[in-house]
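Here chain A shows up in two complexes: once beside chain B, once beside chain C.
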Partner chain A sequence: MKVGGMEQRLRREAAALLEQGKVDLIIGFADGSLKFTTSPLITSDKDDASRLVINPFIANNLSVFLTGVKGRVGIVAKGCDSRSIVSLLQDNKLAREDVFIIGVPCSGIIDLTKVENLVGRDRDEIDDIVRDGDKVTVTVAGKASEFAARDVLFDNCLACELPTPQEYDLLLGEPTPAADDESKAASQEKINRFKAMSPDERWQFWQNEFSRCIRCYACRNVCPACFCERCFVEEAEPTWVQPIPRWQDNLIFQITRNIHVAGRCTDCGECERACPVNIPLRSLSREMYDIVDGLFSYQAGRDKEAPPLLACYEATDVVDFIR
Partner chain B sequence: MIIYKPKVIVFCCNWCSYAGADLAGTSRLQMPPYFRIIRVMCSSRVRPEWIIRVLRNGLDGVMVLGCHPGDCHYQTGNYFARRRIALTKKFLEYLGVNPKRLQASWVSASEGGKFAELVTEMTHELEKLGPNRLFTDESGGNGTETTP
Partner chain C sequence: MTTKKIKKEGIAKLLTEWGQEFTVFVPSREEGVAKWSEWDGKGSGFLDWYRNTVVPPKALFLPPMETMFSFQKEGDGYHTELPPAAEKGWLVFGIRPCDAKALAVLDMTFKDAYQDPYYLTNRQSGLLVGLVCTSPCDSCFCTSLGGGPDDMANVDLMLTQIGDQFLMEAVTDKGSKLMAKTKLAQAATKANETKAKKAKELARSKVTRKIAVDGISEKFRASFEDKDYWEGVSAKCISCGICTFLCPTCYCFNISDELLKKHGERFRSWDSCAFPLYTKMPMENPREEKWRRLRQKVCHKYEFYPYSFEVIACTGCGRCIRLCPVNWDITQVLSNLPDQEQVRLET
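Moving on, here comes the complex of A and B:
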C-alpha cells in the first residue's frame, strides 16, 4: 500500500478509535514546524485525527511517551518503535491491554542532513523530497535529482532487520522487506572505521567527541529504554557523575547509560538524532546491541514473554572472560 | 627509580571469595600489597557504575570475585553478575579501555592459593600496562593506555 493510502487509513482508524472510546489518547505524528519534519501529536480529540501524517520523515520513537500518560493509548509505531514497546512490556512498564499499537510497515526514514549534504543546499532551499521505492527524488529550484534510498536513509534504518512491527493491533499496510546485506554493510561503516583504530585512538576519539557534550540529557530523555524514575546522574550520594560537563563525566554518563539500556535498546537511533552537538551516539548503542546479540543471542523487543536480558541467565552463558 | 605499584580494587563476595582471601592471608601466601578488598554480599551486588568509578578515580584495575557457578550462597547471584560483567568488559574494550583492567573470576572459600595467584598475576599484568591515565587531563587530556 502506498504511503498516502496508509495515511488516509490511519486518520480513519484513529478517529474511529477515539469516537468508540476504545482509546483515550492517540499518539502519532503531525507535520512539524520546519520543512521535512514531523512532530509528535498527542490528542484525545477525534478532529485532530485528520492532522496525523505518515511520510518518510516520521523519525521519532513515540513509545517514549507511553510511560508518561494515563489511560488506554493508541500509538503509531514503526518496526523499531514497536520493539521498544515490547521491551517496555517485558519490563512491566506497561500493560498490553493499555496500549493499542497501530503498526506502520516502515521502509526507512530519510536523514535530512544526508540529503542536505548530497545536494549541497539547506533545508529551506529544497522544494521537495519524494521517496519512491529504492529511489529518492530531491527537487531544488525546479531541478530534480535522483538518489539511491540507501544514500539518504538513517544509518539505523539501513541496518533494520524488522521494519514491520511484529507486535500490533492493527497493521496499516503490507509488510516491508528487511535491509539487504549491502545496506547493512553501509550502516556499519562508521563503526568499522572506529574499530580499525588502536585502543588509544579509540579512547582519544571519544574524549574529543564528549568534550563537545553539554550534558543536556536529550539522549536520555528521548530514549524509551531510559525509564528510571530517578536517573543515576541525579543521585548525589554518591555522585556518580559530577554536574560540571567535563568530558570525563560526560563519557561516564554515556557509558553507564549504554550499560543500563543493554538488552532494551532497539537501535531506533533516537539518541543520535536528538544530540544537539552531533556526537555519533549510535556508534555506542549499536555496538552494545551487537555485543548483547553476540554474547547472549538476545535482541531487544522481539519477544514480549521473555524476561529482560539482565534479569535472567543461562547456565551456558559466556565464560571465556572468567579467569 | 620510582617503582610503579598498580592499585587494584578487588570486590569479593562475602561467602566464598572473601573467605578465600582470608585463607590466603592466614596461610601467609606471598601477595603484592597494593590491592584493596571491598567485601560485598554477592558478586551481583557490584554495579557497573562502581567499576567505572574505580577507573575514573585513577586506580589501575578492578577484579570481581564470586562463588563458583552453582555454589552461590544466593543460588543464582553469580550468574547475573557474569552477564553484567561480560557486557561491561566488552563495551569498555570497544571504547579503548584495556580489557586487563577489568577481570573476573570465581574463588571458593578453600581456594586461598587461587586468590593469591589471581591477584599476583593481575598486578604483574598491570605493571606491564602502566598507570591508568584514562581519565586524566594531563598531556592535553590524553588518556593513554601505553607504557610510560
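Moving on, here comes the complex of A and C:
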C-alpha cells in the first residue's frame, strides 16, 4: 500500500477508535511547523484524526509518551517503536489491554543531516525531498538531484531487521523488507570508525565528544527505555555524578544510561537524533545492543512473553554469582 | 554615523589586529555544531557557512559550567581563591542582532539588585561586532519582537555584507574608536551604503514567521489558570533542557560544591525550569506537572520579564523551535493563547 493510502486509512481508523470509545487518546504524528518535520500529536478529539500523517519524516518513537498518559491509548508505531512498546510490556510499565497498536510497516526515516551534507544546503533552504522506493529526489533552487535511499536514511534504519511491527492491533499496510547486507554494512560506518581506534585513541575520541555535552538530558527524555521515575543523575545523596557538564561526568552519565537500557534499547536511534550537539550516541547504544545479542541471544522487544533480560535470572545461568 | 568598508579577504587581518588588544571570539564548528570559540588565527572561513550558532553567545558570559572559586582546607578554616581574571577585553565578532539583544536582556538580570561579577566582568570590558543576518532561518521570528536581521541597537559596530566586501557602521563610541583605529578599512561610498540598505531590506523580507505580541500580557493573565490549554500544549514536550539551555536569554543556574580530600571547588552551571528537580523542595514541588513547568518557561519570557524590566525576554532567534526533538513551537503556543472569552477555568 502506498504511503498516501496508509495515511487515509489511519485517519479513518483513528477517528473511529475515538468515536466508538475504544481508546481515550490517539498518539500519532502531525505535520511539524518546519520543513520536512513532523511533530507528535496527542489528542482525544476525533476531529484531530484528519491531521495525522505518515511520511518519511515520522522520526519520533512515540512510545515514550505511553507511561505518562492515562486511559486506553491508540498509538502509531513503526517497527522499532512497537518493539519499545513490547519492552515496556515486559517490564510491566504498561498493560497490553491499555494500548491499541496501529502498526506502520516502515521503509526507513530520512536523516535530514545526511541530506544537508549531500546537497550542501541547510534543511530550510531545500525546496523538496521526495521518497520513491529506493530513490530520494532532493530539489534545491529548482534543481532536482537523485540519491539512493540508502544514502539519506538514518543509520538505525539501515540496520533495521524488523521494520514491520510484529506486535499490533491493526497493521496499516503490507510488510516491508528487512535491511539487506549492503545497508547493514553502511549502517556500521560510524561505529567502525571508533572501533578501529586503539583504546587510547578511543578514550580521546569520547572525551572530545562528551566535552560538547550540555547535559540537557534530551537523550534520556526521548528514550522509552529510560522510564525511571527518578534518574540516578538526580540523586544528591550520594551524588553519583555532578550536575555540571564536565566531560567526565557527562561520560559517566551516558555509560550508566547505556547499561541501564541494555536489553531494553531497540535501536530506535532517538537518543542520537535528539542530541543538539551531535554526539554519536547510537555508536554506544548499538554496540550495547550487539553485545546483549551476542552474549544472551536477546533482542529487546521481540517477545512480549520473555522475561526482561536484566530483571530476571535463572539457576542455570552460566555465571554463578547470583547463587 | 560614520561608515567604512572592508574587503572580505581583509577580515582575517582585521581580526589579527583586534587580537592585539582583545580576546576575539568568532563562530566555529565542531562535528557540525556551531558555537563560539576564541579565534584560532586561521582566516575567516566561518563567513561562508555561518547563519547562526547552535550554542548562543550567552555561553561566553554565562558558560555551561564555571568555577566560582576554589577552596583549600587550612587548619580550622578554608582558604579560598577566585579564578584568574581575563587579561584582555573580549570582542565578539559576527554576533547576530537577535543574540546581541539577548545579551542586553541578560544584562538586566545580572546587574539588577546584585551585580554579578562572573557575568559582568567580561561583558563590560567587551565589544560586540554585529553581522547583519542576510540568511535568516525559517524558524526565526525576530521582526515580531521589535528586532530584525539588521537591528543595530545592541552592537558597538555593525557589518553588512555587500558583494565581496562589508560595510562597517559604528553604533557606539567604543565602536567608533575601534573603527577609527584600523587602517584596513576605507571610507565607504554613497553607493556602498545604498547597497547595504538594500541587503538589509531583503534580509528583513526573509523573516516570514510572525507572531502578534500586542496585549500578550493580558492574554497570559487571563489564561494563566487555564489548565486545559497548558496541558494540551505541553502534552508532547519531553521536558529536556534543549530549549532553555540553548535559549540566548535563559539564565537559570545551579551552584554545586565538590570536595576531594582537602581541596574543593564551587561550580555554577546551567539549570532549567523544564526539569522537575528544579523546583523540588523537601515537602512539595510546585511545578511537579509538566504543564506548569512549560507555562513557567513561556510566562517568564513573555509575562514576568516584561513586568520586571519592561522587555520581552525572547528575541525570536528560533533556536527553541529548530532544535526541539518534538518540534514544540513557541510561536504556535503564543498565537493560540486563549482570549479572555475563550479561557476555560475550573470552578
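What we mean here is this: the second predicted complex is superposed on the first by the 312 of 323 C-alpha atoms of A that agree within 3 Å, B and C clash if a C-alpha of one lies under 4 Å from a C-alpha of the other, contacts with A are read in each partner's own complex, and residues count from 1 in each chain.
Here is the rule we go by: a residue touches a chain if its C-beta (ideal position, glycine included) is under 8 Å from a C-beta of that chain, and two chains touch if they have at least 3 such contacts.
Keep in mind it's a predicted model, so treat the numbers as computed, not measured.
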* Asked: Superposed on chain A, are chain B and chain C clashing or fitting side by side?
  -> fit
* Asked: Once both structures are overlaid, what angle do chain B and chain C make about chain A, taking C-alpha centres and a multiple of 10 degrees?
  -> 90
* Would you sort A:Gln207 into first (chain B), second (chain C), both or neither based on which partner it touches? => first
* To do: Based on the superposed arrangement, let me know which partner A:Ile244 touches: chain B (first), chain C (second), both, or neither?
  => second
* Between chain B (first) and chain C (second), which, if any, makes contact with A:Asn221: first, second, both or neither? -> second
* Now for A:Ala16: first (chain B), second (chain C), both, or neither, which partner does it touch? -> neither
* Touch check for A:Val130: first (chain B), second (chain C), both, or neither? -> neither
* To do: With the two complexes superposed on chain A, say which partner A:Glu287 touches: chain B (first), chain C (second), both, or neither.
  => first
* Asked: Which value in Å is the smallest Cα separation between chain B and chain C when the structures are fitted on chain A?
  -> 9
* Structure fact -> Shared chain A footprint, chain B vs chain C, residue numbers none
* Asked: Which chain A residues qualify as touching chain B in the complex?
  -> 195, 197, 199-207, 211, 232, 238, 240, 247-248, 252, 255-256, 258-259, 262, 284, 287-288, 291-292, 295-296, 309-311, 313, 315, 317-319, 321-323
* To do: Give every residue of chain A touching chain C within the complex, in rising order.
  => 32-35, 37-42, 60, 64-65, 68, 113, 122, 124-125, 209, 212, 214-218, 220-222, 234, 242-246, 270, 273-274, 276-278
* Asked: Of all residues in chain B, which touch chain A in the complex?
  -> 48-49, 52-53, 56, 69, 76, 79-80, 82-99, 103-106, 118, 121, 134-135, 137, 141-146
* Structure fact -> Note: in the complex, chain C contacts chain A through residues 30-33, 51, 54-55, 64-65, 135, 137-139, 235-236, 238-242, 245-246, 254, 256, 258, 267, 269-272, 275, 277, 290, 321-323, 325-329, 331-332
